[in-house]
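Just passing along the structure, written as structure tokens.
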Amino acid sequence: MIISMLRGATPEQIEHVCDKIKSFGYSVHPIKGEERTVIGAIGDGKDKDRIISVMESVPGVESVIPILQPFKLVGRELKKGKTVIQMDGLTIGGDQFVVMAGPCSVEYREQILTTAEKVKAAGARILRGGAYKPRTSPYDFQGLEEEGLKLLAEARERTGLKIVTEIITTENIDLVNEYTDIFQVGARNMQNFALLKRLGRVKKPVLLKRGMMSTLKELLMSAEYIVSQGNPEVILCERGIRTFETYTRNTLDIAAVPALKQLSHLPVIVDPSHGTGKRSLIPPVSKAAVAVGADGLIVEVHPNPEEAFSDGQQSLLPEEFAAMMEGIGKYLDVEGKRL
Amino acid sequence: MIISMLRGATPEQIEHVCDKIKSFGYSVHPIKGEERTVIGAIGDGKDKDRIISVMESVPGVESVIPILQPFKLVGRELKKGKTVIQMDGLTIGGDQFVVMAGPCSVEYREQILTTAEKVKAAGARILRGGAYKPRTSPYDFQGLEEEGLKLLAEARERTGLKIVTEIITTENIDLVNEYTDIFQVGARNMQNFALLKRLGRVKKPVLLKRGMMSTLKELLMSAEYIVSQGNPEVILCERGIRTFETYTRNTLDIAAVPALKQLSHLPVIVDPSHGTGKRSLIPPVSKAAVAVGADGLIVEVHPNPEEAFSDGQQSLLPEEFAAMMEGIGKYLDVEGKRL
Amino acid sequence: MIISMLRGATPEQIEHVCDKIKSFGYSVHPIKGEERTVIGAIGDGKDKDRIISVMESVPGVESVIPILQPFKLVGRELKKGKTVIQMDGLTIGGDQFVVMAGPCSVEYREQILTTAEKVKAAGARILRGGAYKPRTSPYDFQGLEEEGLKLLAEARERTGLKIVTEIITTENIDLVNEYTDIFQVGARNMQNFALLKRLGRVKKPVLLKRGMMSTLKELLMSAEYIVSQGNPEVILCERGIRTFETYTRNTLDIAAVPALKQLSHLPVIVDPSHGTGKRSLIPPVSKAAVAVGADGLIVEVHPNPEEAFSDGQQSLLPEEFAAMMEGIGKYLDVEGKRL
Amino acid sequence: MIISMLRGATPEQIEHVCDKIKSFGYSVHPIKGEERTVIGAIGDGKDKDRIISVMESVPGVESVIPILQPFKLVGRELKKGKTVIQMDGLTIGGDQFVVMAGPCSVEYREQILTTAEKVKAAGARILRGGAYKPRTSPYDFQGLEEEGLKLLAEARERTGLKIVTEIITTENIDLVNEYTDIFQVGARNMQNFALLKRLGRVKKPVLLKRGMMSTLKELLMSAEYIVSQGNPEVILCERGIRTFETYTRNTLDIAAVPALKQLSHLPVIVDPSHGTGKRSLIPPVSKAAVAVGADGLIVEVHPNPEEAFSDGQQSLLPEEFAAMMEGIGKYLDVEGKRL
């Protein structure tokens, strides 16, 4: 790390800082400029965040600048290849472009079974559907809970699709684990560290959505929580961030996809439904996701958006979804990828 | 709610929308303008969010605008007076300005006992200190856990201060409940709805921090989660939001204090430590909090910030804290409030 | 517009509001709900913004919600087709995907001539290059001024490329007009209304970049300034907005492209250089721009980024640019568009 | 500056970077860590921004971190005291708390004269009023132009108040200079560098408003533009920044006041009208501005907000303004300041 001293820092303060750095087992490299002194500190990176915090509190210090990335296991520095998740012939992060589709919430049997069949016919490989819904208002529909999980499992049995569903509390992990193929962590729980730690000990992939006001580095640190507990199968998901723009529900950060791929070896998918919040914007943004190099999509599809319990305005009809899949198929051909 | 139709909406679409509204038991009030039709829908507000979501999905609809506030129990519309929380002679939300102070993390016995004595001497009434720490990195200090809670309890016994400490998962509620006087929900958990629901069933006040990405309405909806489960004692806390500005750690939204007080009857306090992230900015911002009408402060104080395990750069020394308390004392005199 | 009254508004207040609305020549449509009264106001939209502002100030009014879009000439409501700009066989906004490329700043003769030849060979149709640079610091390179314009003109003569260059003050319009084919308004000047008005009276297309702090509606209102003065040839440019994310220089709002096309008939292009600020992210984001339906790109290319006077880290080398153009060519084939 | 090399940077790349640094006349201080090499570069800071930009483009470089602040003349490093602006016995930046008040726009004679008298009676020392209005829509009221300036001058003559009014284009500087005492640069023009340069050559103070998405450093760089041209009398103004929160018009960044005062010797005032956009929030936020150490306020006051041509909902009535002034008076007594 680099410690920049205040312009008027005294020799005693500089010496105190150097001693402090050495006390952590770091080596000290002071650079005296005309206007101020800057000190390089080289060590093994252990306990780095605490040391930075300490050094920022030492008198005479203006700022402390870390040099190394804070994430290790999910970063590119230690692992050069890509993480490819294998699930019975389905691969996420390889040469397959995996589309996860289905309703925001599991609502009733007919709804989820019909949707499952239609999205499968159009090329989706994984069925999404919420059984536990994190809703802003306590008065909104909170999900069918275990009944919803059972309906998802029935849809899987009928169609052969895999299942992804959201987990919102550590207390439900065992129950959800009985049913799901992939655990989804929603944007609001991206920094629910108790939940992340527990998901680091399950044996199934985790789809980790970026928080609506989380940086890419924070997203990767949250992935690091899961991987550092022993579960290497994390799928990152860009789903839009919160900005001042209100025309779209969120601002989809398309450059996050190649940026995450440069920083990490984990697969990255895009959620154009939450990323835009508007049905008409989902198809063009989905094509952009293919173009930018994403490994897949997670899209909301509902057989009757007018009757949806949630998110109707950002759900595609099955026929709109099929048309969209055709559109992205041509791009996948260009890229040499398959659905 | 108001439904604005698209400019080119057909008479059939308009009729369909009207029928849809009536099917929810709402009355319909169409207003035909030269350029488009707008439809007023009046009902009892039940299931409102779902209805809005549905209506946004109906063909021909451009947008749906809710008229009523989404929160009820915490809002001003039903309860005109203020919520004043009583704790053995301490009152939060009344004519007392309550200062909560202490270290970011409970680290060791000497640290917490010394801090408790010093902040008490300076006028604080509640001791803060984290035993479970939500840290961005899995490699950072995660707190002393139950050992930390025991030290807090010891400090309470010695000083008579009340305790506030953070709860990060539903699984610890019973344990933390054995020790704490006030449960703190951190910014990252403001929309951890499973946690909020459980805290709605404890018999102690909850200090609810605004999420760094949360609007005032979302903060109030999260408070509504707690209150709607039976716990009316929620203290709101403005602690800065995330913006593009990086000079301060967060951007403290000072106008949020009077705005929340206009919208809600709940007490509102300010966290100038997280709100600024810089020790030198804490005293002026604390004075601003008094001036703007806050009911109290939560401030980080550490006897030796250089050695703090976390947040050293935003912790005051006990003597700095005492000086700050003197400064705000003069303002409290102007306002006719007491510490 | 819709006026929502406060819950406790008196009958006198409601009547006063109705009278006020009528005084503007609007018709009044009150809707009395159980909890509050909402009033529809229908008129010709003239002087609408002032009326909204007035109504928000009337006692008893909680909020005023406009129904109509504030832009007219650039909106879809009045003109259904697309604006296609013709320039000697080059068309912007039609079936051509127009790439504008060149250095951030014009620096010296060799630089601009070489770049022009190379970007032309790779398929660009328009040469970009700044002669007047709006720089954050007064101590940074401010551009070659007229000398730069002359070099651009020389490059045009040699290559047949059109020219686009930035205009930063009304005082230079006549001078820049002698040289350029397209006027560029930079992000920082998007709401320099004096400049926009003057550009509404030139006879050349204007490339209008979205401000880093501007909503889509504000961008369209700025375009409306130009068009309402008589110049219909405005090209909108998404170049990234400012958010909390610092990994990229800005957050490129990819959904803005189809959103703008739904709201307006004007052409929309993308600037992946400013939108990302990182050379390695430009090619994937450029492909995404094709996929999402943009009408073109504006990209920074420099023969020697290490020596660039500005923006070197977001400039492609000519050979990188050529490779990128090949990549997007395949997508254009899919879309049936040509360079 | 500090240059951090990529983890896998080759010895050749490191050597190339060192040579490059030396070519700018900087000395080189490489620090070889276990994981990567970091290079300190010490020089005179001349041409620093360009050098940073160049170094970021050199192969093998991961990032370049500047150490020195980019502003000089407005910074604390060169000038330790405070800038106090003297205007006929009025001082801005000293022990006086200067309140500027008046309508958003000058509308008609009676309006501005009445307002001037009333705000003077309540303790304001400077009259604000826009004659040229930068409005988002071309169809909104754009100001009375010179007629407005004349009315301001008449109000000055009658009351002895000083005048502050907005300048929106270089073309009007001479005209506005005939009338005004202080030039105001609005938020949308904070980076209109052509305008700033010209204002650096007038002999009157400039009130520089922070852009709604500008960092504190950018605000100071814009002040540096003015000061570096020869005009040292710049007053900084915090007026709220744009964030995701929509309840208030902007988010007033209260900590910006002490932060700017730590970074710069220039006076800092607060605009609670634009900072909140809501009349009821202006008085508490104004008190907070005193508490946090501001040197003054600029507040919108209108004798009849219902009839205001703009910003009615954020204008105080003269009697509300008088009540507010009384409230802040008590705080000024505590601070030992005078109106």
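In order of appearance the chains are A, B, C and D, and numbering begins at 1 in each one.
Keep in mind that, in the parts below, contacts are C-beta pairs under 8 Å (C-beta built on N, C-alpha and C of every residue); 3 or more make two chains touch, one makes a residue touch a chain.
Bear in mind that the values here come from a model prediction, so they are computed numbers and not experimental data.
*Asks:* Show which chains lie in contact with chain A and also with chain D.
*Replies:* Both chain A and chain D are touched by B, C, going by the contact rule given at the top.
*Asks:* On a CA-centroid basis, which chain has its centre farthest from chain B's?
*Replies:* C
*Asks:* Is the number of contacting C-beta pairs greater for B-C or for A-C?
*Replies:* Of B-C and A-C, it is A-C that has more C-beta pairs in contact.
*Asks:* What's the distance between the Cα centroids of chain A and chain B, rounded to whole Å?
*Replies:* So the centroids are 26 Å from each other.
*Asks:* Between chain A and chain C, tell me the centre distance in angstrom, where each centre is the average of that chain's C-alpha atoms.
*Replies:* 31
*Asks:* Could you give the separation in Å between the centres of chain B and chain C, each centre being the mean of its C-alpha atoms?
*Replies:* Centre-to-centre distance between chain B and chain C: 38 Å.
*Asks:* Residues of chain D that contact two or more other chains, please.
*Replies:* Where chain D meets two or more other chains at a single residue, that happens at 213, 242-244, 246.
*Asks:* Mind pulling up the chain D residues that touch chain C in the complex?
*Replies:* Residues 20, 47-50, 53-54, 56-58, 70-71, 134-141, 168-171, 188-189, 191-195, 197, 211-213, 218, 221, 224-225, 228-229, 242, 279, 305-313, 315 of chain D touch chain C in their complex.
*Asks:* Sort out for me which residues of chain D touch chain B in the complex.
*Replies:* That would be residues 213, 215-217, 241, 243-248, 251-259, 262, 275-276, 278, 280-281, 284-285, 287-293, 330-331, 334 of chain D.
*Asks:* Please output the residues of chain D touching chain A within their complex, sorted ascending.
*Replies:* 2, 4, 7, 29, 31-36, 38, 40, 42, 44-45, 65, 67-68, 77, 213, 242-244, 246
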